[in-house]
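Input: one structure, supplied below.
Labels run A, B, C and D following the written order; every chain starts at residue 1.
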Amino acid sequence: MRVRLEHSKYGPTAVRLLRVSRKGNRHDIKEATLGIEFEGDFESAHTSGDNSKILPADTIRNTVYVLAKQYSPEPIEEFSAHLIEHFLTYNAQVSHIRIETKEQLWDRIRMGAKSHDNAFARNVAEQRTSLLIGTRNGVEIWAGVNDLVILKSAKSAFGGFLRDPYTTLKETSDRVFAATLSASWRYLAGEIAYSAIWHGVRQSLLESFAEHESRSPQQTLYAMADAVLRNFEPLAEIRLSMSVHDYDPVDLSPFGMQNANEIFVPSSEPESIVEATVRRDI
Amino acid sequence: MRVRLEHSKYGPTAVRLLRVSRKGNRHDIKEATLGIEFEGDFESAHTSGDNSKILPADTIRNTVYVLAKQYSPEPIEEFSAHLIEHFLTYNAQVSHIRIETKEQLWDRIRMGAKSHDNAFARNVAEQRTSLLIGTRNGVEIWAGVNDLVILKSAKSAFGGFLRDPYTTLKETSDRVFAATLSASWRYLAGEIAYSAIWHGVRQSLLESFAEHESRSPQQTLYAMADAVLRNFEPLAEIRLSMSVHDYDPVDLSPFGMQNANEIFVPSSEPESIVEATVRRDI
Amino acid sequence: MRVRLEHSKYGPTAVRLLRVSRKGNRHDIKEATLGIEFEGDFESAHTSGDNSKILPADTIRNTVYVLAKQYSPEPIEEFSAHLIEHFLTYNAQVSHIRIETKEQLWDRIRMGAKSHDNAFARNVAEQRTSLLIGTRNGVEIWAGVNDLVILKSAKSAFGGFLRDPYTTLKETSDRVFAATLSASWRYLAGEIAYSAIWHGVRQSLLESFAEHESRSPQQTLYAMADAVLRNFEPLAEIRLSMSVHDYDPVDLSPFGMQNANEIFVPSSEPESIVEATVRRDI
Amino acid sequence: MRVRLEHSKYGPTAVRLLRVSRKGNRHDIKEATLGIEFEGDFESAHTSGDNSKILPADTIRNTVYVLAKQYSPEPIEEFSAHLIEHFLTYNAQVSHIRIETKEQLWDRIRMGAKSHDNAFARNVAEQRTSLLIGTRNGVEIWAGVNDLVILKSAKSAFGGFLRDPYTTLKETSDRVFAATLSASWRYLAGEIAYSAIWHGVRQSLLESFAEHESRSPQQTLYAMADAVLRNFEPLAEIRLSMSVHDYDPVDLSPFGMQNANEIFVPSSEPESIVEATVRRDI
């Protein structure tokens, strides 16, 4: 019997970084956590314990801090591209690099009509994300948003679905539709205003979710993806994933009351998932 | 040998509730999770399995939904007070009731200059909280905020501290000061505008944190408590708890660079805690 | 208006420690995480930014490592007592010290009939805990277990409970009873075999849970506490807390089937809590 | 501009199931959580809100309970295969089904030399997993283990690695090697004793980890995979993923002490990942 190494990768999982840039008293801060994975010619490390082609995860981590000093980590897409270029240049043994970044978003603290120069609050739960996949042939750039929690209390139905002997679900024309949304989109090549587009796509997702006359999560997801691709030309495709939270109306009839779609029990965890990838035809 | 029951309590831990109130297309939503604990004359249940004084946790949960239908769960302080009054009235065996509420905050989705009628995003990570402790002699009312994450990149020093043979920490006059803040405050008796005050206290905490020339977390915590008590007369006392996250400057000297307080490693978990209770002298 | 500092405390929250002790190739490992809180004369730090009575959390952390080298951190109760003695001796400004320890339990990896000398697996989810509260007048010593998940599929009923108009729960004479158990017990003064007793109490809790003919969680909890206090003389009192997980039988009648207490839906989170403290009469 | 649906899927995410089987007083319990995803001809649901090909997630969930009653959910691999066969038979619109199962492992409570008939403790943190991917052409069967935490305090070195200007890591010939291991393996076609093999593979992973003279995590990972494939003929390939926890020796030299590889600080989260897939040559 023979076995062979089919695939391998390694790297640091959570390189945590804060950068403070100062213009007098006015500070800008940027906080992000990077996961970096190398693929390449590592067979001798696995099979014979020869580490001569293994750049330590510790070195990869140091490099993030050095390059964060030399270049700005803003935006995260360009910083990741710098890192990939650096690692590919100096590491002939590496063929693929994957850098996944999660940015913690900080807002300035409001002081009446003004914003504070150097004090911040992490107002939002969701994260801005990016994923760059670099090879000797080029770099694929994805951006996204993680864990954006949304809910609509109108314009949501679910009916006309397939029934079988185990179907007990009732059709509904008016329900609470709530989900944790994660989105990621791939950019076409070219000059991209990453931060401006990120805010625009996020807003487009929220607006199309809010306005859609939903017959199903599937239809709403597609409508959201469609809106984003129509509004933002630099995007080649978008993947949306909704973890749907059920909000069930409480049965108040045992207590002689009617629940006119008013009192609901939120599920403690998502009950189902709906995902789609929608691509621009070129 | 004899043993005796010194203390006991029970109740449902996470009663999840969403209420939608409708004025035409304009919907208001309120989402909260309640933990309810009863203390009282439960000895026979413990020692002889006689359940005749045990109102099931399931019934307590039902009651939350019934009262949420009859009364508004807005604000959470008044709703909790209704629940306590109900339970004490109909349950002679109960002497103390503790209701802890965590409200999930939802914002309307922005549509240009307007806000959407019935679509929402959970924009904030932190939670509005309340704690009511009711007995036959009255109700103590606490309100608060959980997990407000704050950071200042200026006006923070730490020096002149006690040193012993195991002290290696260096004094600093300029550091990143970051913490997860939880606050809770007790109200004096009287008519209270709970929601207005909550937003005011939250803002006062943020502003006093931002403006303080900090010599230590202890001093900043006290200054924040002091500001809140001076600004909001209905508060009797306030407890502040800061879980402090260390942001250590990266040593770039091995790479021939200077780190002028620019590149930091955020700790992956809080490193220390500082707590204080500050009370109004009456 | 005047305000005053009512109470304050501070300290490091998660001092992580592994100690390897070697007898030739045979290694023993001990992994624990300590939270340490100081109370004392810290008013000037809060009110005027005078840090001269503040021993830094960083120094407290260093001291844990120094004392872990000098003394064994085994058992955690004695190690915590050493730390308290050290801090009280050298810190006149400190009046109370609280040290909470969570021990990660590691088992040796089995190699056929033998156990490995220096390779381990973290086989258990639960944690061994201790809590020592030290003052100038002495030390209170608590030990415990966190998050021990238990389930019995027989000998569990719940009936004869208090009913009101909102009660819909059905009585049952045969149900699944599952809970996450946390226990902590206080020792009387004297020489204690901490580790031997810990294993004994844990086993006594499991056996009394298993054997009890339960009419309610309240009754079972008390029976477990009673068994422990009868079996272990060095214990003054014990607190038990059960987070009860509901396992509801699935209604299969829509599909023409009967569910003879066979198929259940576990709740995704605990649904209720039952707690009791039982004390030895002296 | 045109857009098109590139890919989509949906299904319930966490179908929680406990089955109690009774032979007199002797009960066996099986607890598992299933995630089920359908791919197929769902374009009309996405693009026009036609739900006629959408079997609700709620129905899929019901079906799990019905089939758990009809067949045993033991072992999880065969139960998943039954579910896939059922869904493919009755749902012409579905082309791919993916069922991921996490089994919570329960042990009988020990009563002296015997084990209890119907009382259990969840002694282990790790989970048994399976993943079945079914199409019209057949079913791929994976089994695995999640979150097995392992540590060795001897026989672990790391040296001779690639160095660049940002490398500061020191070589070591004796370190603590700790990781959270997840493994999954694909079976060849044929009759498989799933549960017996699962326990065997788990034990083989532990033993080969314990015995390996490690020059790197890469080498140990490969040695573990190699051992499993040599010992268990029904396996076609195995994927191993190690989230490596750093245990750094504490520098005690500022306190005039030497740390002879005795006192370590465990990292609060994994610091790096190493993964490999090893396949049998056929």
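Keep in mind that, in the parts below, a contact is a pair of C-beta atoms (placed from the backbone, for glycine too) under 8 Å apart; a residue touches a chain by one contact, two chains touch by 3 or more.
Because the structure is a prediction, the values reported are computed rather than measured.
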Smallest count of steps, each to a touching chain, taking chain B to chain D: 1
For chain A placed onto chain D, the superposition rotation in degrees, Cα atoms, nearest 5: 180
Between C-D and A-C, the pair joined by more C-beta contacts: C-D
Distance between the centres, which are taken as Cα means, of chain D and chain A, whole angstrom: 24
Separation of mean Cα positions, chain D and chain C [Å, integer]: 29
Chain A and chain C: spacing of chain centres that average the CA atoms, whole Å: 37
Contacts with 2+ other chains: residues of chain D: 14, 62, 66, 166, 168, 255, 268-269
Residue ranges of chain C touching chain B (in the complex, touch as defined): 1-14, 35, 37, 42, 45-59, 62-63, 66, 90-91, 93, 158-164, 166-169, 214-219, 221-222, 225-226, 229-230, 237, 243-244, 269-281
Residue ranges of chain B in contact with chain D within the complex: 165-166, 168, 254-255, 268-269
List of chain D residues in touch with chain C within their complex: 14, 16-22, 25, 27, 29, 31, 62, 65-66, 68-69, 106, 109-111, 116-125, 148-155, 176, 203, 206-207, 209-211, 247, 250, 252, 255, 257, 259, 261-268
